[in-house]
Structure formats: structure tokens, C-alpha cells
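Several structures are given next for inspection.
In the two complexes below, subunit A is the common chain; its partner is subunit B in one and subunit C in the other.
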Partner chain A sequence: MADDAPSSSTFAGNSVDSSINQDELIMKQQREIEQEISETIPLVGDLESLQTLEKEYNEDPVYMLKVKDLSAKYKYIRRTRPDGNCFFRAFSYAYLEHLVTDKQEYEKFYEIAKNSKEILVALGFPQFTVEDFYETFMEVVQRVGEHAGGTLDELGAIRQELHDKFNKQGYSDYIVVYLRLITSGQLQTEHDFYQNFIEGSRTVTEFCRQEVEPMYKESDHIHIIALSNALKVGVRVRYMDRGEGSQVMAHDFPEGAKPLVHLLYRPGHYDILYA
Partner chain B sequence: MAEKYNTKCPGVKRLMREAIELAEATEEYCARPLEDNLFEWHFTVRGPRGTDFEDGIYHGRILLPKEYPMHPPHIILLTPNGRFEVNKKICLSISGHHPETWQPSWSIRTALLALIAFMPTPAEGTIGSLDYSPAERKTLAKRSSNWVCPQCGQISELLSSTAAKPPTEEEQSVLNQIAFKGEEEQAQKPLGEPIFEPQNIPFTQQVLESSDTTTSFLDQLTEILVALLIGAIGIFIYRRWNALASADSEL
Partner chain C sequence: MMAGSALRRLMAEYKQLTLNPPEGIIAGPVNEENFFEWEALITGPEGTCFEGGIFPAKLVFPPDYPLSPPKMQFICEMFHPNIYADGRVCISILHAPGDDPMGYESSAERWSPVQSVEKILLSVVSMLAEPNDESGANVDAAKMWREDREQFNRIAERLVRKTLGLPPPE
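Up next is the complex of A and B:
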């Protein structure tokens, strides 16, 4: 919107002021919506039976068929707050939750996570702040590692701790920021490859600054491809939309990888699925 | 200070780290939190060399939202400078985009460096910008070193002669893209938890609240007038139509 505004200073009178007011009004309304969402929907919710989805689409035959199909494949859903960060939050929650019971995968991931900071600093990200996000991220990862593969009680406790941390805005957002940085790092490292995915004339770096690194920017395929490749984690996304057919299509990232994280995509939003 | 805030909270930890990083004054900038409020800082910057501001030293406040660093800091200049209105919240954005493009990996240092870099750019009628003549800006720059902050004292003594760490190439390219503009007061009311609100609201607050209500009022007035006008035309056409219809039936 602001891109189209004439930058000529000769018309810097009322026309500019009123367009700014419009902008401000839209932003104000957006903030009110955001506030309402943040007051009613937790960052990451409790485990819910898939039947709750059936209720949601009672009157909608197209979605109803797809929910039925989904129910045959999954038992539970865990909703995330639709704040533009949902892919990153859902992904990290589901993956860390998986690591609780998979010590071997944890060891593999720990090495990748540990080396990620150096890669980012080498790419020119400011060391001071990257370190800040890295430390909080690793603190949560290590807590999982300390209890991974432990007794049942221990697993229950660490799951609860994870759930609490992901619902504390500070921790939760720090994890999202760090995953955004890793995604941006991957895009920039392999920029020749990812350039093909970017529509228009933007460079990979510009795309990262505008669509990846800032908070609340929604994720697209390119984000998922980059993050799953950077961390070497298989993600299966189930697509539920108004498209034809009664099946929820699955898409695996990276292609052919064994999915450890299952996400439900409905236009503009990701939630976590459990078999 | 450490006792008052939850140092487990990443945002608090981050601000404390930034306070340590910026504690030592440089020749270009310095900034530090108020003694009783980690979420309000005072800063001092030197006007950029080779510009109308080069003799100037400028002081101001930085307000950190409770969501910092997820949301950008707000900057308020206190020293008259001829480029930005004083006592008016300005926030950074990437030119041509909305301020949401702020990135959590930027810091208060980024904001200050960007502010310095942005000072010599044309005002172009943006909110919060001033378009004073070069002569006026130079006069204000000369006067600025005598400016005294009630909390920090004579601002010319706040900067040191130590050269600041030069920005990296990457950082420089980011700095060149950052723009600043004023913002509507009512749209930026902080939400929730009062602990992060400035405790002792300084003299500047009242001035802040008064800006920009007039333009939106005028806009509303225009809209009402246009609506009335359209209504009047509608009634006029309707009556004409009726008159014609009845004239027809009489024939």
C-alpha cells in the first residue's frame, strides 16, 4: 500500500496526511484484532480430540468430508495462536516434543543446533543479538536433552515444562525468532536455489528481511522447505482447503524424508497433528 | 535494578545485556536506562559529519515496548534540531514499508545508528518531520551543546572521544534502508502489565498527547459533509422524479 504512494514532496499537504491516517486506522484495527486473539487463544493449546474439528465444520459438507478423512489418519490436534508465527511455533513445539522420546534424534539435532550460531554470524547477522536468541533457544533444547528417554514421570514433567515455556510469550517468541534466523540463514546460504521460488524482482536477501526475519510474517512453502532442510527434520503438512476431493493431501518436506512433525494447514494457519 | 525485574524473562535479560554493551560512551552515541526504569532510556547522539547537523549533539528518550525486542523501540528527541519535532514519538520503519518490518535481531544500537544516518535525509512531509533551512539547522546545532537534560545534565559532556565500533557492511546496508516517522499517539497505547510503564511520567507526556487529533477530525468532518451532500442530491432527484410522474399522470 505505502509502496504505491507518490513520494513527491509537492503534494505533501492533505493528501499525504489522509493516506497516513487511513494507514494508521488499518493498523489500529489490526492491533485490536491481534489483541483480541492474544487474549482468547493460547500460544499453544492443549491436546484436543479431532472430533472438535468435526463440530467446527458441522454445516460445511466440503470440509466435513476432509475432516472425516483426517480422523482416519490422526487422533489429536493441538491448536496454535494464529499470529503469523504459527508455523514456526507449531513446528518447534511438535519437534521438541518428539525429541523427548527420541534420544538418538536429539543427539543429531543438538549438533546441528549447536553449529547454527556460527553459520549465522558468518553470514553477517549481528553477533550480539544472535547470541541472545541462541542462548535462550539452546536453554530450552538442553532441558529436553536432559530428560529425553527418561522415566515416564520425567517425560511427563518435561512435556509440561515445554508446554509452559511455549506459552510464555518471552521464551516462545525467542524460539520463533531463532528459527526465523535459521530459515533466513539457509535461504541466504543456498540463495541460487531459493531464488527460483521467489516471485517478482526481490533478491533472496530482500525476501529474508521482509518476509522471514520480521515477526508475525506468515510462512509459505519456501519457509518450510528452508527450515526443514537446515535442521534436517522431516515435516508432513496436511492441506485442508476448499479444493476438490474428499482427501486431505499430504506434502512432505524435504521430499522423501521421514516425517517426525505433522502439521495441519488450513488457509493461513498451521496446527499440530498427532496420530 | 536487577531485583525489580524478572531476569529470567528474555526481554529483560536482553535489555540488561544491551545496557552493558552501550554503557561505555562513544564519540558518536551513548545510551543508558533510567535508574528506576529499564524500559525507558536516555540517549545522546552526535550529528553526522559533513551535514548541517555536524556541530550538534542531540539528546532524547527511548521507550521500549514490553514486547521488546519483538516490537521496535520508540524514539523521542528532546533537543531542538530542525529535522524531527521534539517531544514526539517517532518509530523506525524500512522506507516504503510498514514498521512491522522491524527485526528482533536489531538493537538499540541499530536504532541509534539508523537515527544518525537518517537525520540528513529530506523530511518530505512525513509525520514528525521538520523541514528547517540549513541555516536554521546549523544555528540549532551550535546551540545544542548547551542543552541540559534534567536527568542527565549537560549533554555535551555525555559523549566520549572513543571511536564507536564501526558498523559491518551488512549492518550498513540495513541502516541505509531504515526510515523514521512520527506515529499517532492513540494507536500506540501500551497494553497490559503496568510494570513496564514509565513510573514517573516526565514533563514531555502532555505535549505528546496533543498531536494529530486535528487532522483526523477534519477527515471525519469531510466524510460527514460528503454523506450529507449525497443525501441531499438523492432527495432532490427523488422529488423531481415524483413531480414528473405526477405531471405525466395529470396529462
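Up next is the complex of A and C:
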């Protein structure tokens, strides 16, 4: 063995050990940073007055003007954890919360949600990879349905239940995974259309494997367009950045749809807005 | 909920792998009391220097599987650019996005909850056939793969024979 193998192929080569330690160290640091974020920011927070944003940007005149503009249009904000899943988490929370008081919209959505798994299986997703996420998602959807349009007490109780489920890592992440799969399914079903949005030489399927299906991958316009089209839900995104002007620009997805979900975008992150 | 979901999923994957085993791969729980630790046997791909070998590996699943990927480690001696000296496998599908100390290409396929044990093992077979010599899991193996293929092939042949319980070649 000593003849043909270099020293590091034995199990205690020094050079190899030091490279392992460095990688492990970086990963450990990353995990610690992630955990730090986790511990300070809930997956989905409580309702807060928009004035909390004013405090955040006290010394920033560009953002301050925009917060003022936003305050004229919205009363509350609900923050989400900035973990790369925030668009999906914010969207699903805000929409399910809306369905609590909109029985008609719920009935429409229920049919779309119920049929969504078949679309994924037909696209070639193995049944066993989709099943559990679908069931968790439908369980939460059905809980909303049982109480939609009920008495004030019932509405309060189901809102609290939603809030609790969205703050349980398991439930919350399973819902995020399922929305990622619906988004991927829509992109692949309409791949001719969505190919135009993808920069570089990647195919739609490659894009889905790399940018949509993995957790923690941030969402871009293409994710929002695909998800809002797949579920036929109008989303209005308010953009707050360092761009010119004092207004927070609105962008509706799909174009022309009545927005039922309002999100605030600040570079790299989505929170929920309430009028 | 997490560990229960993980168990359900692992049982479904095991059933699937038993009903439709991919060529050259056997995998399943070490014992049915603990579905979170699997053993796999991987046949070295034909037409490569690992052809004919039967390489045992261990897979350990986290309680939040499939949100997070398992860890995989060969339990036989290996010499390969993408396998650490202690047998741990270093390929992009075993990592979530952002979990990125190896500097994989951003286009490489990452772990996602719709990947599976089968996909991982198939990726490992491809990795045996076509090492990625950019990855630094075993720097010496990567260097030898690039610069002295004959020597690399000789080591691989010895490892293949070792997995079959044969003595080193003359």
C-alpha cells in the first residue's frame, strides 16, 4: 500500500485533515449565523404598526420619504424571517389569512389546490416526493375552509391557529416546499413562455432544480409571476429601495389582476402589508 | 411532526428502491428499528477504473429529512477527488444552497426536498465515473487524476480488488 498510495490516502493524512477542518469551520460559522437570525426573528411575526418602519429609517431621508408614502396607503406590516423563503411564507400566510374572510375565493382556491398534486405527478415528480408536502398544505387549507366566513370568535381562533402553524418550523417549511413545487410545476408546464425570463443558457427544468425547488433560494419576479398564475391569485408588491422619487412603486402579478395579497419588497426581502 | 414525516418518507423511499432497484445499487436501513441509518452497496461503473468493485457506504438522515439532505460516507478505503480521506462524499446534491464551502459551480444540482436517496446514489455513481477535479475533498487524488492517470488507475484497481476480498495485483 505504501508503494502506490500517497500519504494522504491513509486515514490520517495531515494535509487532508487541515482542509476538512477549514470547511467544517466555515459551515459551522454559517450555521451559527443562520441560527442567530432564527432566534431573533420569528418565521412570521405579529402585526405591527407602520410607524415601526419610520423608526427603522429615522436617519435615512431617502427611505423616510418612501415610508411616509407607504403609511398613506397601508396601516400595518407583518415581518417574516429573512431566510430566502420569505416570499413563499409571506404569500401563503397573507393569502390564507385573506381566505378566512372570503368564502367565495376559498371555494375557487380549494379546487385549484386540490388538483395541484396531479399536475406535479403528471410532470414526473415521484409521488412519494410530493405526497407529504401536499397533505400538510391541504390540511392547513381545509382548516381555513372549515372556519371561513364563521363567527367573529371562530375567525379569531382560526387566525391564531394559522399563526401558530406558520411559526412551527415543520408545518411552515412544508407549506413553503409545496408552494415551491407548485411554482416549479407552473414554470415547467408553460416552459415556452417562461424560458424568455431565464438569463443564460439554462433550461426551465434546470432553473427549477437550482433556483425554485431548493429551500432558502430567494425569489425573483419569475417565481412570483409563476406562482400567482398557477394559483390565480393577484399579488401587489410594493418596492421600497434607493431608487428616485418619493413613491413606493406598485407592481401587480399577474398584470391587471385584483390584488388580494400585498407585500413589501426591500432589497432581498418580503414582508406582508395591510391596508 | 418532523421526525414522523421523515420516517414516513424514508419508508416510502425504501419501498420504492426495493420495488424498482436502479442498476448496480442496493440500499436500505441497516436494521428496521432505525430508518435513519442506511447502508448502500454501489457497483463501480462499467468502463471506468472502479469497474467491478462493490463499495459499501453509510447514509445518515437528519430528523428533518427531506428538508435537509443526508450525509454519506464510504466505509471502505477510497481514493477519489470528491471523497474525503475518511470516506465522506462531497458532491453538490448533498448540500443545500448557501451551504457552500467547496465552491461548487452555482449551476450544480443542489439538495431539494424532491431529491431522493436514489438520486443521490445515481449522482455518486456518476461521480465515480467522472470525478470533478475542481473540488478539494482529496487534493492529492484530484492532482493525481489530472496529472498521473496511470497511477490513479493502479490505486483504483487495488481498491476494487480490496472490496472483493482479493489481494493486490502483482
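The rule is simple: the second predicted complex is superposed on the first by the 246 of 275 C-alpha atoms of A that agree within 3 Å, B and C clash if a C-alpha of one lies under 4 Å from a C-alpha of the other, contacts with A are read in each partner's own complex, and residues count from 1 in each chain.
Here, a residue touches a chain if its C-beta (ideal position, glycine included) is under 8 Å from a C-beta of that chain, and two chains touch if they have at least 3 such contacts.
If you're wondering where the values come from, they're calculated on a predicted model, not measured in any experiment.
Novice: Considering only the touch criterion stated at the top, classify A:Gly124 as touching first (subunit B), second (subunit C), both, or neither.
Specialist: Only subunit B; A:Gly124 stays clear of subunit C.
Novice: Check the residue A:Arg202 against both partner chains and state whether it touches subunit B (first), subunit C (second), both, or neither.
Specialist: second
Novice: Once chain A of both complexes is superposed, is A:Asp173 in touch with subunit B (first), subunit C (second), both, or neither?
Specialist: Touch status of A:Asp173: both partners.
Novice: Thinking of the overlay built on chain A, is A:Tyr216 touched by subunit B (first), by subunit C (second), by both, or by neither?
Specialist: Once the two structures are laid over each other on A, A:Tyr216 reaches both partners.
Novice: Taking the superposition as given, does A:Pro61 touch the first partner, subunit B, the second, subunit C, both, or neither?
Specialist: neither
Novice: Counting only touches as set out at the top, which of subunit B and subunit C does A:Pro267 meet: first, second, both, neither?
Specialist: Touch status of A:Pro267: no partner.
Novice: Could you give the residue numbers on subunit A that contact subunit B in one complex and subunit C in the other?
Specialist: After superposing on chain A, subunit A residues 9, 12-13, 16-17, 20, 23, 27, 125-126, 128-130, 132-133, 136, 169-171, 173-174, 177, 181, 209-210, 213-217 contact both subunit B and subunit C.
Novice: Could you please specify the touching residues of subunit B with respect to subunit A in the complex?
Specialist: Interface residues on the subunit B side: 9-11, 13-14, 17, 21, 67, 69-70, 94, 96-98, 100-107, 109-110, 122, 124-125, 127, 168-171, 174, 183-184, 186-187, 191, 215-216, 219.
Novice: Inside the complex, what are the residues of subunit C that reach subunit A?
Specialist: Going through subunit C, the ones touching subunit A are 1-2, 5, 8-9, 12-13, 16, 64, 66-67, 77, 79, 84-86, 96-99, 101-102, 106-116, 136, 138-141, 144, 151, 154-155, 158, 168.
Novice: Help me check something: in the complex, which residues belonging to subunit A touch subunit B?
Specialist: 2-3, 7, 9, 12-13, 16-18, 20-21, 23-24, 27-28, 31, 35, 124-126, 128-130, 132-133, 136, 169-171, 173-174, 177, 181, 209-210, 213-217
Novice: Which of the residues in subunit A end up touching subunit C in this complex?
Specialist: The touching residues are 1, 4-6, 8-13, 15-17, 19-20, 22-23, 26-27, 30, 84, 125-126, 128-133, 136, 168-171, 173-174, 177, 180-181, 202, 206, 209-210, 213-217.
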